[in-house]
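The following pair of complexes shares a single chain, subunit A, combined with subunit B in the former and subunit C in the latter.
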Partner chain A sequence: MSAVEGGPASGGLPPNKVIAIGVIGGLAGIYLTMLNQTFNTTIFSVMGGIGSIFAVVWGADAVRRVCSYGLGTGVPSIGMVALGMGIVAAIFGLILPETGILQIPAILGPVISFIVAALIGLVIGLLSNKILNMNIPIMEKSMIEIAGAGCLVMMGLSASIAGSFAFNDAILPSVVSTGYIALVFIGGAMTILHPFNANLGPDESQYRTLYVAVEKAAIIMVIAGFASLTAIDAVSAALTMLVGLLIFLVYFNKFMKSVHREAYKVVGTGLLPSAEELE
Partner chain B sequence: MIDLISIALITLGGVLIGLGVHFIPVGGAPAAMAQATGVGTGTVQLAAGAGLTGLISAGFMYNFLATSGSFTTSDFILVLASGAVGAMIMITVTMFIGQLVYVYCVGVPPVSAKVDVDPITGDRQDIYVSKGTEGHGVPTVSFVSGTIGALFGGMGGSLVYVQLMQIGNAPSDPAIVALAGIFATGVFYVNAVLASYNIGGTIEGFHDPKFKRVPKAIISCLVASLLCAIIAVPIMGGVS
Partner chain C sequence: MIDPITGLGIVALMGALATIAGAAEDLESDVGSQSNPNSQVQLAAQMDFPHRIFNKAISGEPPAYGLWCATGATVASVLLAQNMSVIFAIAIGSLAGAILLGLFSVTAHMGRTASQKRFKQPIYMDMVIGHVPSIIAHGFIAVFCIISFSYIMDHVLSHPFPLPLLAFLWGITAGAIGSSTGDVHYGAEREFQNQPFGCGLNAAYSGNIVRKAESGLRNGIDNVWACAKFGGPVTGLALGFTVFFDNWRSTVFSGVNAVIAGLIIVLILILANRLVEVQGRKAYGPFKDEDGGAETA
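On to the complex of A and B.
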């Protein structure tokens, strides 16, 4: 249930580099969907999906770092809380400029979401460490990262389904009203929690975990592309699905290769023996 | 513009969810191997399963009452009760079927390792605990405790949902329904996870010594839900 109890995760890419990749890649992907409006097309929706892959890599790496201390509740809990915080923050940030409560240009929406997510993450992290006495030294920092990544994943996938991150014009009718938001919620949480949950153990290594993260994010990207068939035109949806499928195949291959390389031995067990063979 | 009553009610809903999680007998991975008392899965999965079923039954009742005309205080209570009953049915079915598996498939007696005598039935517990384990299955006291937990959890989740729907003030608009639903789910997960961090992943029910940690979870859930409520209320007001 819990991960390997003990110290911090080690090896591979340094955390700050992964954070930079996640923040810049994720926000860039979301903002690049604005090219849709510039060129009056929907073909750039694929950028939202690619942005969400960067954010997933960051989120999965943050989960990996915090869960290697052993949470006691299993890895899935932290993925669910990531999207729980992320979805509240994402919708708040995207909707705030459009309500007219504060005079903010709509283009700042994703950045506001991201900051609000980090704020909620900080509060949850402080509560866990100071009041609930979890005593994980990196809890506050990790919760900020996980909430931020969850928020970026949610916005990236929504932008890829709707073709834009404008809330009232695009996300509300094509993602929220259609119910795809539930898919984005659970799918996004799975991509963040699953990689470490599947790879944890004494021989866990960062690059193998992150291969799974990219591969899972690509699957959700394909599903988001499929969902966007009803929201934007078929060519853009097909492009999102195709790119997602391509990334999935490449990274699934990489993951399988690393498993075969690092396992002591990989053997086929065949089918279960029949009753006669057992006698 | 700032709707204090809504914020207070959503916060109360979050606190009820956090409280409810403490009652639910969660055994985690050891229970999946029948080596600990409770249902063999994580707190978040169990609480979310019950909570989301509660949300569905509350949503059905709300839709039924609100679209047919005015929505009164007694209707409000009816929706909360519907959510609570939905969650209770879900958790009792889960515990009962789990119990059948533990007793008839694994072959262990349902027994608690935290108390010597079941506080409800008065049955001896300690002599039936297998050596090296933390109890098995779902004893009577845990079953009752789980049902109470689902009552609180389902009521809390429904409270958050109904209050968000009331702010949105458009019971048949799919956008409002979806937003309120997803926000309620988000608030539910945040509180369920905070509560499960408090109990460290496993608890048997209200007779478990870990149950004394409840005040800490209530403070944490209060702060976290308040933050979510402050963010959620203007959004629901902004959409409509």
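On to the complex of A and C.
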């Protein structure tokens, strides 16, 4: 791990592009589930799952950038922090317009959640750098990003299970009361933390890490689709599962190809490299 | 309300399931070197010790087991809602959780090894094909037992939480106990079997793990064979006791009495731990090397 310590991550897609993909893709996916109400169907629940994949890519890239500063064993922890912040913000933002305390249209729920997540992220980032003295230059920015991504993943997966992001009418009965929120929470956290953890090392590459992010987010989307069988009709649930499975197969293949291309060598079996080979 | 005798029987059954779950959970993590011992497997290649040991860096065991159990319980709940029989629903759910574990293992091992290109660590495909089924099999037993006792807790003991949430929490508990109890046996003893017992890990030996077996090159299957003799069963016992005592106190007592009983159990455990530690220190003392005299930290 020594070779990856203490420097900014490099290569591939620039951070701002990934942020744009994550925010726009994530929010668009969540809002497109509203087509369900417009057309009185549940077939568009699949969009929530696709939105969550975009958000996971962003989250995994943010984890990659902050963890390149030698966080090592802190990688899993940071993924848990992401969804911890995200889930609080998501529930707060979605429930706020429905309580009637403030006169806000319900359609703004996901945006409020996203902003609240960013604020919580900022506070945690400031605490880590100023009070715990972690002194990671991009800590505040990364925590904002990770919290925002975590919040979008949580809303996207919940909307794909429930068919809508309305809290009291859809998410509370079909995601929270059934306990599927446990899957949404830990599935979201693992898809954000696992890609960089799985590729950690001096020869890590951004593309390979993000392939894992897409592929793992897709497999969680398949399980969310299966869970949605109890909330929405079977055809819509099957569509979510099928789309997730296709994305998984495509990106798992891409990951395997990049491993075969980038590894020192891939052999069927064999002895350890000889002393001369290691010179 | 169930009568006390039946209640105790159910609690004992849950304890037995948890014991099997804990043992299988720890052995599964030993096949792939997850959690704490993984750092030495990762370091080995970087210190010029290429090896044939599976590098399963999915994440820490607690969140990982949280995910497998939450997935399994979610699938099982959906199937139960469609009126499937309980055993089948839990078995199919656990299979889904175990396959997910297999998929995460593949990306973790291959991704990490590919990221060690400059240290010339090859990827051996026979290891992937040989280890992943063993990981899935151990994972299936662990997830099945955890979801089973969560189901008993939910449906028989009427716990207010839904099944996926209970399985998620017990998955995290199982992972945490496996990571703190069983890892010591694998990480400190099996990985460094070539060092004198009790010498501690000198920084100079970092990454110098045992890479050769009784015959041929050592792999994860050899490690699980060794750990099944002590580390796995001890982890099982720890999780089994946790589940048994926790449910025993709330079955036998109620209200504030149950809380007091819990506190007394914790107090007895702390005292017992202290006694074992003091006895161990008295019996073995600080480590002395073979030339005699020199103490190491």
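Here, the second predicted complex is superposed on the first by the 263 of 279 C-alpha atoms of A that agree within 3 Å, B and C clash if a C-alpha of one lies under 4 Å from a C-alpha of the other, contacts with A are read in each partner's own complex, and residues count from 1 in each chain.
By our rule, contacts are C-beta pairs under 8 Å (C-beta built on N, C-alpha and C of every residue); 3 or more make two chains touch, one makes a residue touch a chain.
What you are looking at is a predicted structure, and each value in this text was computed from that prediction instead of being measured.
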Following superposition onto subunit A, is the placement of subunit B relative to subunit C best described as a clash or a fit?
clash
One more residue to check, A:Ala227. First (subunit B), second (subunit C), both or neither?
second
Identify the partner contact of A:Ala182: answer first if only subunit B is touched, second if only subunit C is, both if each is, neither if none is.
both
Superposition-derived comparison: subunit B or subunit C, residues of subunit A touched
C
Applying the touch criterion given at the start, work out whether A:Gly270 contacts subunit B, subunit C, both or neither, answering first, second, both or neither.
second
First (subunit B), second (subunit C), both or neither: which does A:Ile104 touch?
neither
Can A:Met85 be said to touch subunit B (first), subunit C (second), both, or neither?
first
If you stack the two complexes on chain A, which partner ends up touching A:Phe255: first (subunit B), second (subunit C), both, or neither?
second
Give one of first, second, both or neither to describe whether A:Ile21 is in contact with subunit B, with subunit C, with both, or with none.
neither
Taking the superposition as given, does A:His194 touch the first partner, subunit B, the second, subunit C, both, or neither?
second
Thinking of the overlay built on chain A, is A:Pro76 touched by subunit B (first), by subunit C (second), by both, or by neither?
both
State the stretch of subunit B that overlaps subunit C in the combined model; pick it from 127-135, 145-153 or 181-189.
127-135
Taking the two structures together, which residues of subunit A meet both subunit B and subunit C?
1-2, 73, 76, 80, 177-179, 181-182, 185
In their shared complex, at which residues does subunit A touch subunit B?
1-2, 71-74, 76-78, 80-81, 83-85, 87-89, 91-92, 95-96, 98-99, 101, 116, 120, 123-124, 127-128, 131-134, 168, 172-173, 176-179, 181-182, 185
Which subunit C residues qualify as touching subunit A in the complex?
39, 42-43, 46, 48, 50-52, 57-60, 63-64, 66-67, 70-71, 73-75, 77-78, 81-82, 96, 100, 103-104, 107-108, 110-126, 161-169, 211, 217
Under the stated contact criterion, what part of subunit A meets subunit C in this complex?
1-3, 73, 75-76, 79-80, 177-183, 185-187, 189-190, 193-194, 197-205, 208-209, 212, 215-216, 219, 223, 226-227, 229-230, 252, 255-256, 258-259, 262-273, 277-278
Residues of subunit B defined as touching subunit A within the complex
1, 28-30, 42-45, 48, 174-175, 178-179, 181-183, 185-190, 192-194, 196-198, 200-201, 216-217, 219-220, 223-224, 227-228, 231-232, 234-235, 237-239
